[in-house]
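Would you mind keeping the following structure in view while I ask a few things?
By letter and in written order, the chains are A, B, C and D; residue numbering begins at 1 in each of them.
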Amino acid sequence: MQKLGMGQAVNQALREEMHRDPNVFIAGEGVGVSIHLNPMFPTHGLLEEFGPSRIKDTPVSEAAIAGLAVGAAEAGLRPVVEIMFNPFFTLASDMIVNHAAKLRYLSGGKSAFPLVVRMKSGAGIGAGCQHSHNLEAWVAHCPGLKVVMPATAADAKGLLKSAIRDDNPVIFIEHMGLYFAPMPVPEEEYLTPMGQAEIKRPGTDVTVVTWSGMLGVAMAAAEKLAQEGVQVEIVDLRTLVPLDKETILASVAKTGRLVVLHEATRTGGFGGEIAAVVMEEGFRHLKAPLRRVTGPDIPVPASPPQERFYIPNDEQLIMAIKEII
Amino acid sequence: MQKLGMGQAVNQALREEMHRDPNVFIAGEGVGVSIHLNPMFPTHGLLEEFGPSRIKDTPVSEAAIAGLAVGAAEAGLRPVVEIMFNPFFTLASDMIVNHAAKLRYLSGGKSAFPLVVRMKSGAGIGAGCQHSHNLEAWVAHCPGLKVVMPATAADAKGLLKSAIRDDNPVIFIEHMGLYFAPMPVPEEEYLTPMGQAEIKRPGTDVTVVTWSGMLGVAMAAAEKLAQEGVQVEIVDLRTLVPLDKETILASVAKTGRLVVLHEATRTGGFGGEIAAVVMEEGFRHLKAPLRRVTGPDIPVPASPPQERFYIPNDEQLIMAIKEII
Amino acid sequence: MTISAEKMKEMLWTMVLSRRFEDELMDLCKIQGKIPGMMILATGQEAVGSGACAALEPEDVIITNHRSHNHLLAKGANPNVLMAEIFCKRTGCNKGKSGTLHMAVPEINAPCTSTVVGAGPPIAVGRAFAQQYKGEKRVTVCFFGDGAAAEGSVHEAMNLAGLWRLPVIFICENNVYAGAQRLEEHAPVLNLADRAAGYAMPGVIVDGNDAPAVYQAVVEAKQRALSGDGPTFIECKTYRCRGHGEADPQHYQPKDEISAWQEKCPVPRLRDTLQAQGVITAADFQDMENRAAAMVREAVRFAEDSPYPSPEEALEDVFAE
Amino acid sequence: MTISAEKMKEMLWTMVLSRRFEDELMDLCKIQGKIPGMMILATGQEAVGSGACAALEPEDVIITNHRSHNHLLAKGANPNVLMAEIFCKRTGCNKGKSGTLHMAVPEINAPCTSTVVGAGPPIAVGRAFAQQYKGEKRVTVCFFGDGAAAEGSVHEAMNLAGLWRLPVIFICENNVYAGAQRLEEHAPVLNLADRAAGYAMPGVIVDGNDAPAVYQAVVEAKQRALSGDGPTFIECKTYRCRGHGEADPQHYQPKDEISAWQEKCPVPRLRDTLQAQGVITAADFQDMENRAAAMVREAVRFAEDSPYPSPEEALEDVFAE
């Protein structure tokens, strides 16, 4: 099987969908001519392949980029727009939250807004808190938006293709740390459905629910714990909205123990939603308190030792798991 | 004791603080000359009393309003700016989330940003989803911001005064539905500290954690349930950040049962955070599953029967409580 | 340019209809208390929507804002479904989910009404981009206020439209007020059209109470757009004769200013011109008024007779399947 | 206006220092791999920050952006604490929390560096408002790029500044590129200063490689601001000789364009002028270069010798007590 970084997998999905459907176009800052000349990046080479009428470099105008997507989607196009880094979503948020997410409802179901907003997220790039700020909890709280956060290159490819074909606005969040590690990706065309979590590792003793860049941390911890005889089951959500409650609840029913692992800051993070769902619908299975392993409630610091301190790691996860088994 | 609507209580707090501290100024759309000639509104009469150099009507520019606050606060002023309705926070969100909340951290603690952003929130005004959208979960997820959501006029007055004197950015969210019901408010000056929840009704059978406009719903349900012999304890958070975990946990330790009640949509709402905190730190006290009574995962519809359907009510709360006692 | 008698009558008619429609709304809202929520009227500004929409084909698109009734009626919306929507009834164009503030009428190519001030232009830019992308010979007209011109989104939209030469026409309805703020209190310049040059587009100022003048400006802008020369900014100077909404006591608006502008009311103005030119007779005008009254009566009846949506239907229409 | 010899030498000095500082950064980052994160340099643009800051008093304020080193050094920042911050060390001006991208140096009245493109202007407007509110005779200078001019926040800020006649000077450093996009690809007009009129402020275009010209424009803008006449927009035409950041291969920048602009480098240009005028000798210049080299060496030594902050200190400085 081919091995691709997540950026390349995204690139492949974009190419396939653009070939399939002439209504798909791409817009954003540097999506065509880029300061990166690096095939690991998601939009590499698209301008050469599809030309400037479908690969649209924009001014530095996040609200206009998002508005472009909203208006074009209403007209039946399938925009895939890029907001360069998650914190800049703030600048596009009125267009996405008050418009992309609501205009279908406000039309009484007459209009549809088939658009995808791609964003890079994640700490670990040494760029500090105005570039690294995981805000998936914001979009997951807005009815009308779907939210996808793949953890593997293969999922990224299949989910992005589904997102582009979906008739609803989808926020597609890519962890930059995953761009550079080659992972197996099927060559052929496939769609990964949104709304289905995946058990990335089966286990019996404790359920770890995670997504995006943290899957690797969970896998590393599970590996180590396995050597101590602790079998961790890892649920990779893949999409936060729609949320696959069934998979989470079935896993907790089996293990009786839940740890949520996410990179975003703790308070108000999407981990709370997982906790609430399990406490509502899986309470009788619970044998131990919840643990959340998350970024601390601070902005992401620039200094390397502090940035590492910010990012949740396998040791913390192991400690958390040991507290409750 | 004087009886004031929450708007009047806010007005009183603003006046007192403006008299006390010449660095306090107010800015926003229509905070001076207003389309409302109604003393129940928070900024009524301030222009007449303090003049146009301290009561600044602005253009319709939410980012500039927020930036004004950030820059002026860094210089030692104490801006109290208004974002008219919660959904328009999106337009100010870069300034608040990436700047007000982070610039102190980015300065290594050298600078402070003592500013208050007041916003109206809440469904029930018949204006639909672009005016009614409770997004407190967004700001509660951003380290560096404090978040206040009073449920009574008296708390609004005391908390706003504390917020204005605090050296950090505070998001102060007023539920419009509370502007018009007169409630007792002490005449004298007082400060209500941020970070302290209040037991608004003691009880032994179930803990209801709520805030802002939903306190009334909780009280009504508790009243009815009391007649059936069920004693509901109502924890009014008053501030979401800092969160008073102690009061929540002490209550759950007593009752063993938790219902969270908020007007915001369910998925990703701040109810999840409460659930997580209790499941982490109060698990051994829990005798029953969690219930969340919240707005459904839809935009707030305009049509009256549907808007009523959106807003959580006492019957729903009673049903939820009965499910777990 | 001479404007055909048909066009002239069309403009007068949609103005008369809008006025009747909104006068009825005022009554329903303030006197009869039958309508929930805010009520935002464009009384006295009808020449803008009616003049502009007369220059459009059904396939051209408009994007409007909180003060939308005239724009939508002029574009050809069915008064029944608008009225029912304003009543928040199930038969409304959006099943009651929008109410008066955000009516979406895609069937007449008025797919988006945003009450977020300044949000229309970026969406209009997207809609116009789709027209360009598909090679349609169509334009998108975006209505917004003098207040909206202060929003960053409007700047971003005009910048992008200018850069990509999009077939979009920005119509800034300068009615002197943004909420309770007078133009001088919320804008540093009196002519917002001065900004157009900074986006490489013509900035045209027209008398916003003169429907044919608005029509003409839009026809020219449309020609420009369709020849690939990109967007135009048209500032229509008009006046908000009523309050921001019907709950606004207008205490900050000088009474004589209001009455001076009422004198310049666009409806009698166009009526008189057309009568003087012999395009219509007094009886023709009376007939228009009668027809408008009948249509509005019928719309009110339709709306009143219609059921509210069921509460549970609120759960529908969030996601497309 | 004649510019004093002192001022001239000050500008040349801060340019020389900035250039040495950034040349060292380039080496540290690209050759030695000692610096984490992005590295964004202003090589060739130093006349803007050095010219502008020479016109300011210590109490005047600057707000800067991702390309900040020259602005901060010209305003008087201590090279040691800047370098240590760039190394993300504990002795850096922000204890390593900012790194190179968002250095805040309130002690020299450079309290805010935002890497969110376009975020500086609204904050500058707030800072200038405070100056006006307190009756200080001070100005705030805000540096931003040609790319930033497309952000809505910049429009909102200029609009408010124009309306309130705030003592703010907007300096748009037009270096022809925003990321990989050339001006013609991201802006519909070539002179961004054309927009100033729409905000009721003068729009001045200066040669951004001519430090005394920048100085003079800022002196005039400052006089205007201090007389209560409000803001000025100054567009400095310059060129980004290096990549957007040091990881950028500049594949989209024509080589001859780069070399043509390198010919116009502001440092030798001012040096030659001052030597021709007899203000400095070749030896004086050599002395400046030596001093700059020594200072930068010392800064690097200071930074390298400094410890990293402890991981746990990351928990501090979120809230003021």
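In this text, contacts are C-beta pairs under 8 Å (C-beta built on N, C-alpha and C of every residue); 3 or more make two chains touch, one makes a residue touch a chain.
Here the structure is a predicted model, which means the values were calculated and not measured.
J.: Give me the step distance from chain A to chain D, shortest route via touching chains only.
T.: The least step count works out to 1.
J.: Roughly how far is chain A from chain C, centre to centre by C-alpha average, rounded to an integer in Å?
T.: Comparing mean C-alpha positions, chain C is 40 Å from chain A.
J.: Could you tell me the distance, in whole angstrom, between the mean C-alpha positions of chain C and chain D?
T.: Distance between chain centres: 45 Å.
J.: Go ahead and note the Å separation of the Cα centroids belonging to chain A and chain B.
T.: 30
J.: Per the centroid of Cα atoms for each chain, what is the distance between chain B and chain C, given in Å?
T.: 36
J.: Among the residues of chain D, which ones contact at least 2 other chains?
T.: 95-98, 102, 114, 116, 150-153, 156, 159, 163, 185-187, 318
J.: Any chance you could list the residues of chain B touching two or more other chains?
T.: 58-59, 61, 63-64, 87-88, 91, 94, 98, 105-106, 128-130, 143-144, 297-299, 301
J.: If each chain is a node and each touching pair an edge, is that a line, ring, star, complete or other?
T.: Chain contacts: complete, every pair touches.
J.: Any idea which chain A residues touch chain B in the complex?
T.: Touch list, chain A to chain B: 87-88, 90-91, 93-94, 97-98, 101-102, 105-106, 128-130, 133, 135, 137-138, 140-144, 241, 243, 260, 264-265, 267-276, 278-281, 283-284, 286, 288-292, 297-299, 301.
J.: Flag every residue of chain D that touches chain C in the complex, lowest number first.
T.: Chain D residues touching chain C: 150-156, 159, 162-163, 185-189, 192, 194-195, 197-201.
J.: What part of chain D is in contact with chain A in the complex they form?
T.: 36-38, 88-90, 95-102, 114-118, 147-148, 150-153, 178-181, 185-187, 243-245, 247-249, 251-252, 308-315, 318
J.: Enumerate the contact residues on chain B facing chain C in the complex.
T.: 29-30, 33-37, 57-64, 87-88, 91, 125-131, 296-299, 301-306, 308-310
J.: Show which residues of chain C lie in contact with chain A when the two form their complex.
T.: Where chain C meets chain A, its residues are 63, 92-98, 102, 104, 106-107, 111-114, 116, 119, 121-131, 133-134, 140, 152-153, 156-157, 159-160, 163, 316-321.
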